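Let me begin by presenting the structure, written as structure tokens, before commenting on it.
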Amino acid sequence: MNRFNDLADFSVAEIDSLLELAQRLEREPEPRALEGKVMSLLFLSPSLRTLASFQAAMQRLGGGSFVISPDMSIHGIETRPGIVMDGVAAEHIREAVPVIASYGDVMGIRAFAERRSLETEIADKEFEELADLVDTPLINMESAIQHPCQSLADWKTMDELEIPRTGGRFVLSWAYHPRPLPLAVPAATVKMAAMRGMDVVVLRPEGFELPEPIMAQARTLAQTSGGSVSETAERSEALQGAHVIYAKSWTSTQHYGNRAGDQALREELVDWCVDEPWFETAQADCRFMHCLPVRRGVVVADRVLDGPRSVVLAEARNRMYAQMAVLHRMLKG
Amino acid sequence: MNRFNDLADFSVAEIDSLLELAQRLEREPEPRALEGKVMSLLFLSPSLRTLASFQAAMQRLGGGSFVISPDMSIHGIETRPGIVMDGVAAEHIREAVPVIASYGDVMGIRAFAERRSLETEIADKEFEELADLVDTPLINMESAIQHPCQSLADWKTMDELEIPRTGGRFVLSWAYHPRPLPLAVPAATVKMAAMRGMDVVVLRPEGFELPEPIMAQARTLAQTSGGSVSETAERSEALQGAHVIYAKSWTSTQHYGNRAGDQALREELVDWCVDEPWFETAQADCRFMHCLPVRRGVVVADRVLDGPRSVVLAEARNRMYAQMAVLHRMLKG
Amino acid sequence: MNRFNDLADFSVAEIDSLLELAQRLEREPEPRALEGKVMSLLFLSPSLRTLASFQAAMQRLGGGSFVISPDMSIHGIETRPGIVMDGVAAEHIREAVPVIASYGDVMGIRAFAERRSLETEIADKEFEELADLVDTPLINMESAIQHPCQSLADWKTMDELEIPRTGGRFVLSWAYHPRPLPLAVPAATVKMAAMRGMDVVVLRPEGFELPEPIMAQARTLAQTSGGSVSETAERSEALQGAHVIYAKSWTSTQHYGNRAGDQALREELVDWCVDEPWFETAQADCRFMHCLPVRRGVVVADRVLDGPRSVVLAEARNRMYAQMAVLHRMLKG
């Protein structure tokens, strides 16, 4: 495996094999598997879980890692091609990325969307340009439209909870948040749940539709796996019989890149805070999922997050084991 | 051992066993003892010695660590319970701490006092609330009122210098500093020296009395160990026959949380700078101790700090070996 | 080996032995060579390549490292001797450096020039004062006038490209840059190429002469090795028959420490940007070298940097292997 960028690049059998490896490494540590191996971690956007879980993942396998973020360069890193660098930036990404990559056996890159053009970001243009500069195996640690490590961890979490694949109802619900957030998690999540064979419902207010190319890809994945994908703004319809409510806020796609338009739409939607009544018609043991960080009392009520439905800590912990499996597969074969 | 929070939680025999282990690990490295093991390091307050010595300690035992500080989260970490998070903070400590803990086999937390209520801080309420969120073994890397790693290192340093336990005179002296500093080091130190069986004298100006609950705890520890604890503002009386002068500045307990009141008292006390005359009636080989960082020419004169009495570098180096012993005991039993 | 500060401290045979070791470690990993060993990394100036390559180097050999920079101390680190520390800084370098050193088996220090006095900086006074505080083996990670790790990596790069030692023409060319940069790289490079037995030409505008003590040292090294050292402002003369054009900007030595004087001279020199025409009379396979970071379109044209002449990425990658050899020699003998 040379790239870990999108679960949809793999078959379900390949994902299952990764998940088995993850569970094996959780049960039976291999503290020398990657001895002398190095992961380079480039964070062009901030991180807590990803930063910690990748460092821990490499260490548990006997390897190491180093972290680079742009503020460590003398005066930031220039990204524009063909520019005369007589301003502040002293280094160009075209040198920085291959150099950093060259010190590692595997690289992880995190680069959020700049939210300028939806087309550019669905194509993950920024990340792909960086990826082109990397010769080693490469892991997408969250880009404009991908977050495969989160998805693999979420899949593992649902398997452990025995949440049904075929016939399992997975509601990805938009939630209120004071700021417009990227599309990476909802896009990756809808595809993951579809691939897992679940009946996926995207519940979101008007104006927050997921991009059609993402929905189309999810529908194709569902077809192969025996699942389904639908979209609605009707909460009561969506939540009926749900096995999982997966909450996440994201930017308005109708007003993409238009902060004022997004804000006007958003400020009417503060009641999109997942709370106990949301679970009334769901399965009795319906779970609450979220990728974290989560704003308490805004995205979800404390009583849900602190209650027995919430599996957010298991999801976060599974990031580490999922990533250990990916690293092991990439570097040990 | 599941918690390392307060030397007073252990017997002298248990401390001696830890110190033996520390010395053994110093003499006979065990570079694979903790292979594949990970320490999570959460710094809610800044650090240099603690940061470096814990990373080095894990590496010397074949393990690894990762460091998290709040500025690494997207917009800081919220700590207030029950709050609606519609402001700047995007993550709550109730998620952050268990997630970070879940990536490690052992966790270290540093969280200084906020110096609002003396009662709250003597009870170490802030740290204990964080500790309640942690499932792994936990090391207190300095809280409002505890600093057990410093105390263990100081004990080791005195043992190596053959400073007497019973009959050894330990003077913990307040020193001038332009800012009001926390109580953790003086509180931990007076208890450590009492537990070690020494005759402990707390030398401090009026208004800087150590809190009575701490002094009471120290007196109880002294009773068990055959030592004694007293307190005075009289320098000449305190220093007579001293084996150790341990300097440290701390906030006024009389004006606790009242910066102006503390300042008024403090600015008359610039002559509380440990200098050669302080040692005139002490033991000939009386040592100077300080936990570092120390302000030269303010807390202590250069000629003392640079002279043969000073053992501050040995204390700092012993932080690493003391912590290696704690980690080894926690993770290897 | 206890100090790695200046290639000129070693014989060519010793350098060759280090380079052989570097190549062996590149071909045949030794992931347990330094198990349980720790490198302390003190960065008093910012870094990307050095930070990443040393961390990776230790990990590849089975050891670890930790990083300290002054902003990690509570309020910065005081460096002035004999000062009364009643201001902002809470820690003095006289404590900080030996404490940090004491947690490692080997230390690396980076400390750029402050560009106040050329004499002080040629004597590397600031670095030497820090070095005096260190008891462990010590690696200069770039100081006012030294950068031995870069030089060793550059030597390795040229060997691999089979660029001739005796008879090889090495042109170290000044290049335009909007800011006055330190002398460490040009000083280290001219000495390295002279020691390698090459015919070294320093090409620079008037006012940017390298300091005479450095040139004298380079000439002495050349005498021993069978090379030569000359200096000119005539581009066409310099470049004729070149095997390597090594570009680097540096401060005006004529206006040393005088920013306005340097600026006045410098702003006339924007055409000192290495471009294809510079290579017209050089060897057909003449290489372009630079230590990075490099300003595109300012120091060098994109078409050179992105073309087949450029070996800047190989130089950067060789930093890691060169440093692995130094660490292995220091800690394994």
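Order of writing sets the labels: A, B and C. Residues in every chain begin at 1.
As a convention for this text, a residue touches a chain if its C-beta (ideal position, glycine included) is under 8 Å from a C-beta of that chain, and two chains touch if they have at least 3 such contacts.
All of these numbers come straight from a predicted model, not from anything done at the bench.
Chain-to-chain contact here is organised exhaustively, every possible pair of chains being in touch. Rotating chain A by 120 degrees superposes its CA atoms on those of chain C, with the angle stated to the nearest 5. Comparing the contact residues of chain A and chain B by number shows a mostly separate set, under half of all numbers used being common to the two copies.
Rounded to whole angstrom, the centroid-to-centroid distance between chain A and chain B, based on C-alpha atoms, equals 40 Å. Within chain B, the positions touching two or more other chains are listed as 64.
Chain B meets chain C in the complex at residues 29-32, 46-49, 51-53, 55-56, 58-62, 64, 178, 292-298, 302, 305-306, 312-313, 316-317, 320. Partner chain B is touched in their complex by these residues of chain C: 35-38, 40, 63-66, 68, 72-74, 78, 82-86, 89-92, 94-96, 98-100, 102-104.
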